[in-house]
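These notes concern the structure reproduced below.
Which chain is which? They are A, B, C, D, E, F, G, H, I and J, in the order written, and residues in each are numbered from 1.
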Amino acid sequence: MRSNTMITSRNDVTEMIIAAKVSKGLKWEDVAAKVGLSKEWVTAACLGQMALSAEQAATVAEIFGLDEEAAKWLQEVPYKGCLPTAVPTDPLIYRLYEVISVYGTTMKALIHEEFGDGIMSAIDFSMDIQREADPKGDRVNIVMSGKFLPYKSY
Amino acid sequence: MRSNTMITSRNDVTEMIIAAKVSKGLKWEDVAAKVGLSKEWVTAACLGQMALSAEQAATVAEIFGLDEEAAKWLQEVPYKGCLPTAVPTDPLIYRLYEVISVYGTTMKALIHEEFGDGIMSAIDFSMDIQREADPKGDRVNIVMSGKFLPYKSY
Amino acid sequence: MRSNTMITSRNDVTEMIIAAKVSKGLKWEDVAAKVGLSKEWVTAACLGQMALSAEQAATVAEIFGLDEEAAKWLQEVPYKGCLPTAVPTDPLIYRLYEVISVYGTTMKALIHEEFGDGIMSAIDFSMDIQREADPKGDRVNIVMSGKFLPYKSY
Amino acid sequence: MRSNTMITSRNDVTEMIIAAKVSKGLKWEDVAAKVGLSKEWVTAACLGQMALSAEQAATVAEIFGLDEEAAKWLQEVPYKGCLPTAVPTDPLIYRLYEVISVYGTTMKALIHEEFGDGIMSAIDFSMDIQREADPKGDRVNIVMSGKFLPYKSY
Amino acid sequence: MRSNTMITSRNDVTEMIIAAKVSKGLKWEDVAAKVGLSKEWVTAACLGQMALSAEQAATVAEIFGLDEEAAKWLQEVPYKGCLPTAVPTDPLIYRLYEVISVYGTTMKALIHEEFGDGIMSAIDFSMDIQREADPKGDRVNIVMSGKFLPYKSY
Amino acid sequence: MRSNTMITSRNDVTEMIIAAKVSKGLKWEDVAAKVGLSKEWVTAACLGQMALSAEQAATVAEIFGLDEEAAKWLQEVPYKGCLPTAVPTDPLIYRLYEVISVYGTTMKALIHEEFGDGIMSAIDFSMDIQREADPKGDRVNIVMSGKFLPYKSY
Amino acid sequence: MRSNTMITSRNDVTEMIIAAKVSKGLKWEDVAAKVGLSKEWVTAACLGQMALSAEQAATVAEIFGLDEEAAKWLQEVPYKGCLPTAVPTDPLIYRLYEVISVYGTTMKALIHEEFGDGIMSAIDFSMDIQREADPKGDRVNIVMSGKFLPYKSY
Amino acid sequence: MRSNTMITSRNDVTEMIIAAKVSKGLKWEDVAAKVGLSKEWVTAACLGQMALSAEQAATVAEIFGLDEEAAKWLQEVPYKGCLPTAVPTDPLIYRLYEVISVYGTTMKALIHEEFGDGIMSAIDFSMDIQREADPKGDRVNIVMSGKFLPYKSY
Amino acid sequence: MRSNTMITSRNDVTEMIIAAKVSKGLKWEDVAAKVGLSKEWVTAACLGQMALSAEQAATVAEIFGLDEEAAKWLQEVPYKGCLPTAVPTDPLIYRLYEVISVYGTTMKALIHEEFGDGIMSAIDFSMDIQREADPKGDRVNIVMSGKFLPYKSY
Amino acid sequence: MRSNTMITSRNDVTEMIIAAKVSKGLKWEDVAAKVGLSKEWVTAACLGQMALSAEQAATVAEIFGLDEEAAKWLQEVPYKGCLPTAVPTDPLIYRLYEVISVYGTTMKALIHEEFGDGIMSAIDFSMDIQREADPKGDRVNIVMSGKFLPYKSY
């Protein structure tokens, strides 16, 4: 709930965007199409996790009816992390956390077996979420692709 | 570090498996091939996250040189969750946690936009981890597939 | 405590509903009857845990005297989880938590004994709460019914 | 993993029981039948959450091959609580926790609407877990029955 | 610090009561006398931990100068728990916590020795706080009386 | 579970006492009678929360069959605090915690109203636990008496 | 940041005092001199940790330009504890915490060796902070004096 | 409880020292006198918080009957911090924590008023604990002296 | 989000500075140049972690368009610590935390090997952050320099 | 403290290395020289944070007198993270944590100002710790160098 006073954090702009989205009945997919990038990146950016270029910010500001001040804030690098608690309570997000809880050491073991010591980057990273039609019930398909970054001795 | 006394938890068997794997220089991929299932599921099972059938347990016990008592424990449903802390400290596993921290609300928004209210199942779920060749540096490719389960009013 | 400014989260609407309920002296059972669904689902929806259809939202908005903007928010999928702390402090809710704390491994053992490895779904799930007359003091009767979802090897 | 030394906590006996159960291939339902009580209570008692009478302890000791010292420990009131973390990581047990997280305020609201201020007892309490056949997939049915205890002014 | 807008939680009313008490210089003992109940119950109710009857709420509203809306809220069952942290920082309240920390297992052992397995109810419960004159320095005397509720096998 | 090696903490002695108590079927009340002090203090001391005098330690060592080394440890001031988690999981002990959670600010308000700023000492403190016969079900009666210690300006 | 509405907690008054101190450029030492007590006690009182007498409150209110309502709040016993996290982040305050972390068991051992079992009171307590001139760099000198309170058997 | 195997941490040596102290009935003050340093520093060192010189280690090893391996470990810099939980449960140590909780911002304010921005060092630091005779009950006197370290702009 | 009311904490001023920086499109490097100090110290000061001199505060106030009241607050020593959670969620800041998590004991071991027991001061400390050109991708270069402070026996 | 039984984790090997280092009086710098790499990487590897090549493991095993089994474990990728608590208690390591706590947002702001959105890698990372001679007291100099990894839209 906000009144029309000074914006003091990126979170203020995220709230404005979400409120405008509900009010105008917009879809993330359409927003992404207008910005000309993937729905995954654009949604994350609108939800306050990515910095936008001036041009992207102008487009987003127009879509959601934001003023110039808000558009400037969209170009700021935000303090990232979108969850209110370390273990998420929302069931959809918790299932993703549970996958890490149950498969974490497995993912670690298999990636090390294939690549050696190192990590999958979460920065040089992209994600694609799709519906996978299935007669037994459609499935959510999430593809994560991150550059392997090896530890090296020095 | 363990001495040869009574097994009192599935975790004891997991430690035996890991010690045998190091000692014998085995690979998860080869273990999986002998069991005849994906490397993701078999590794998770060996790391104490899945219950094995009698036949699978016998195969795994033979590979790692476990006795009959241990093979029985492999058929028990374990208390799942493989991480020592709620926020994982290991860099490889942390990056997966960070993806949820940064993209959690995005994944939630896009799945709801496509499917409505509900979740991606973490039970009717499979995962595939592959090397993705890339001239700028090979990538880790993780595909998660989970059945969409809708909330329904009643 | 809120002033009449922009709604920026589903929680704002939940507060409006609760305030209107107190002010008008409404009962959840009557709200549910007007919506035409169970009191369990309708109450959870009004308390910000479920997304409503357009029609349901219109009915709820009328009952509680909400404007159109609020009715739109009711159709948004909320970030779920209604408790302010991981271990609830409220005595009624704590007793439910205590049941899991004391009987958690028992419920796990018996469900696995009957069904094998898997879970009781919390999504394909319904609940019914009734008064159970008893000469030694009436009882609360809670029936939970959730689809069993098996883990499968792959 | 334990060697044959002095028992110093109820938990030692619980570990002996679980190890014997795996080794002998026993079922909780059969254990309960021999004790002559519900499978829910007997399993909870064997898993270290309830105190047994001398007679019950003797029966349980015989079933699992425990010595007299262990049988004495079964009659001690245990320090209750069977979960290693405040938010359980095991998927089956987590779903029960999630039900409280999502429906907690709903259950509170409906029980208060029906009974006034008070709680459902977790002591004068019983539970029944059954398979509910369903053509769309069998369901887990959990019935909880607890005496309503009202707060009274004084 | 509050402005005169809509009440959205019981906590708003608690704040109004505390502010009025300071402003008018009232004493809990006198409030309790007017309500006609113990100072322990009445104070807890005014501090947002108990639900009041319509008549009690009217009396309390009159004493503190609350409007009708606030009086309605006093009749709502509050979400209980009055401490901002799990381990209280306030020295007076911490000493009570310390008593449980130091004597908790003792109280458990002695109550079980006298009554068998079960608990002292915190619902069918009353408390009395008195000054105990003592030449070496007066003492605080707290008497807690709670019904013993036995666990029973079923 | 312990083998006969060097004692390195008071907790080792507490475990020996508890194991001996179960094995010999002793009662705290009888132990206290032999020591010649209240059952509350003696139990707390045996459970590792109080330091014993040489004479008391000798009596306790004889009752539980402890050697001289253990008797010396009983005279050491222990690191106090007997609960494994900040919020206790055991239902009996949790109810005491809940009393503080629900009545904490009330106890604070009433003690300050009677005595001014200060605390009830948890050191110059005694406790008495008794059965209170009641036709509607016997009650647990806990009397706490602690010296009031005032804050003074300086 | 506050507007001129009703005071609802002692913390509101603390904020007013701090803001006035910055604005008027006052020093704690001078405030203490006007109140006629030590700078340690007066500062703690102004920072919301101690209750003031009517006379002290009037003096403080005059110094900081507070109204009568605020002066009444200064006489209320506050909910004590001035740190936002259990482990303080501020470097000056953390060093004090570190002293306890590193020397805690040492202080315990030496006080018990000198006095027997018991504590140093934090209520019948005073503190004096002085500059200690030193050619190698001046030192902060903190003297804490608390009455020893012995545990006694009963 | 330890058997005679390889030492793998400084904590093993601390346990040996404490066990020997209890067994031999030594006093920290006498240990310090033999080492020729303050009782505060020597006790902290013996309790595993300080590194000893070769000579100091030899003296301490002789006093407590430690072998050469243990004496080597005494010269290792330990991982410091002697408390099992962030908020200490032991009443004596908690009172010290409470002093910081209640007076933390006061100490910060007064040190900054006297010295400007900076801290009291916890490294260039010494402590002296003495009995302060007092007809109303003897007092514990703790003097802390730490070099003031100023923040400087750069 | 703030309205033009009284400043009650240094954090209010930090928010004003950040909002002005976004609005005016300023760069920290330029701010530092005007203040005449390093960009590291000046940014930390503007972000609420350092106290400014009167002259520095005047310069900063002019740059960001702050009033005199705000300039006074800039000269106050702030309660330091700029992260909302103990483990930072922001990926850039987390990487720094991870370095400590992975290399913490290494840094400790090497500094002790070189200097003996003691610490690197975080007060008599400076930091320099530079771009390090690299054909394989530019690097961030962080140089930390802190005075070594030895523990000494006393 | 360990006996000669099966190795079940990398941590067992780390304990062997540390015990051998103390016993033989080795220096990390010399170990690193024999391995032919930096002291920072080699120490981290020996302390269980890096995987060694077969050749490196053989060298390390020889230096510390480890058997072949231990040498195999050195080649395993460890579960990384070397601190027992999220906020480190050891003063040397805490100072590093404090730098992040105080300067975290500053480092974030300056790196983004120079490089745009992205992070400093903690994988493609090296560190150099040196003594910096200084007449006012020698300083610890830590140089961290990590590749900048930019976030990119996709």
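In this section, contacts are C-beta pairs under 8 Å (C-beta built on N, C-alpha and C of every residue); 3 or more make two chains touch, one makes a residue touch a chain.
Quick caveat, the model's predicted, so the values are computed rather than measured.
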Starting at chain F, fewest touch steps before arriving at chain I: 2
Between chain I and chain H, distance of the C-alpha-averaged centres to the nearest whole Å: 32
Inter-chain centre distance, chain A versus chain E - centres from mean C-alpha coordinates, in Å: 45
In chain B, residues with contacts to at least two other chains: 2-3, 40, 79-81, 83, 86-87, 89-91, 98, 101-102, 105, 108, 112, 118-119, 121-123, 149
Every chain pair in contact, whichever chains are involved: A-B, A-C, A-D, A-I, A-J, B-C, B-D, B-I, B-J, C-D, C-E, C-F, D-E, D-F, E-F, E-G, E-H, F-G, F-H, G-H, G-I, G-J, H-I, H-J, I-J
Residues of chain I touching chain B in the complex: 87, 89, 91, 94, 98, 101-102
Chain E contact footprint on chain D (complex, rising order): 37-38, 40-41, 45, 50-51, 53, 56, 77, 79, 105, 108, 112, 116-119, 121, 123-124, 126, 149-154
Complex contacts: residues of chain D adjacent to chain C: 27-29, 39-40, 43-44, 47, 49, 80-83, 86-88, 90-93, 95-115, 118-122, 125, 127, 129, 131-132, 134, 136-149
Residues on chain G engaged by chain E in the complex (per definition of touch): 2-3, 5-9, 12, 69, 72-73, 76, 79-81, 83, 86, 122-123
Chain I partner contacts - residues on chain G that touch it in the complex: 1-3, 15-16, 18-19, 22-23, 25, 84-85, 87-91
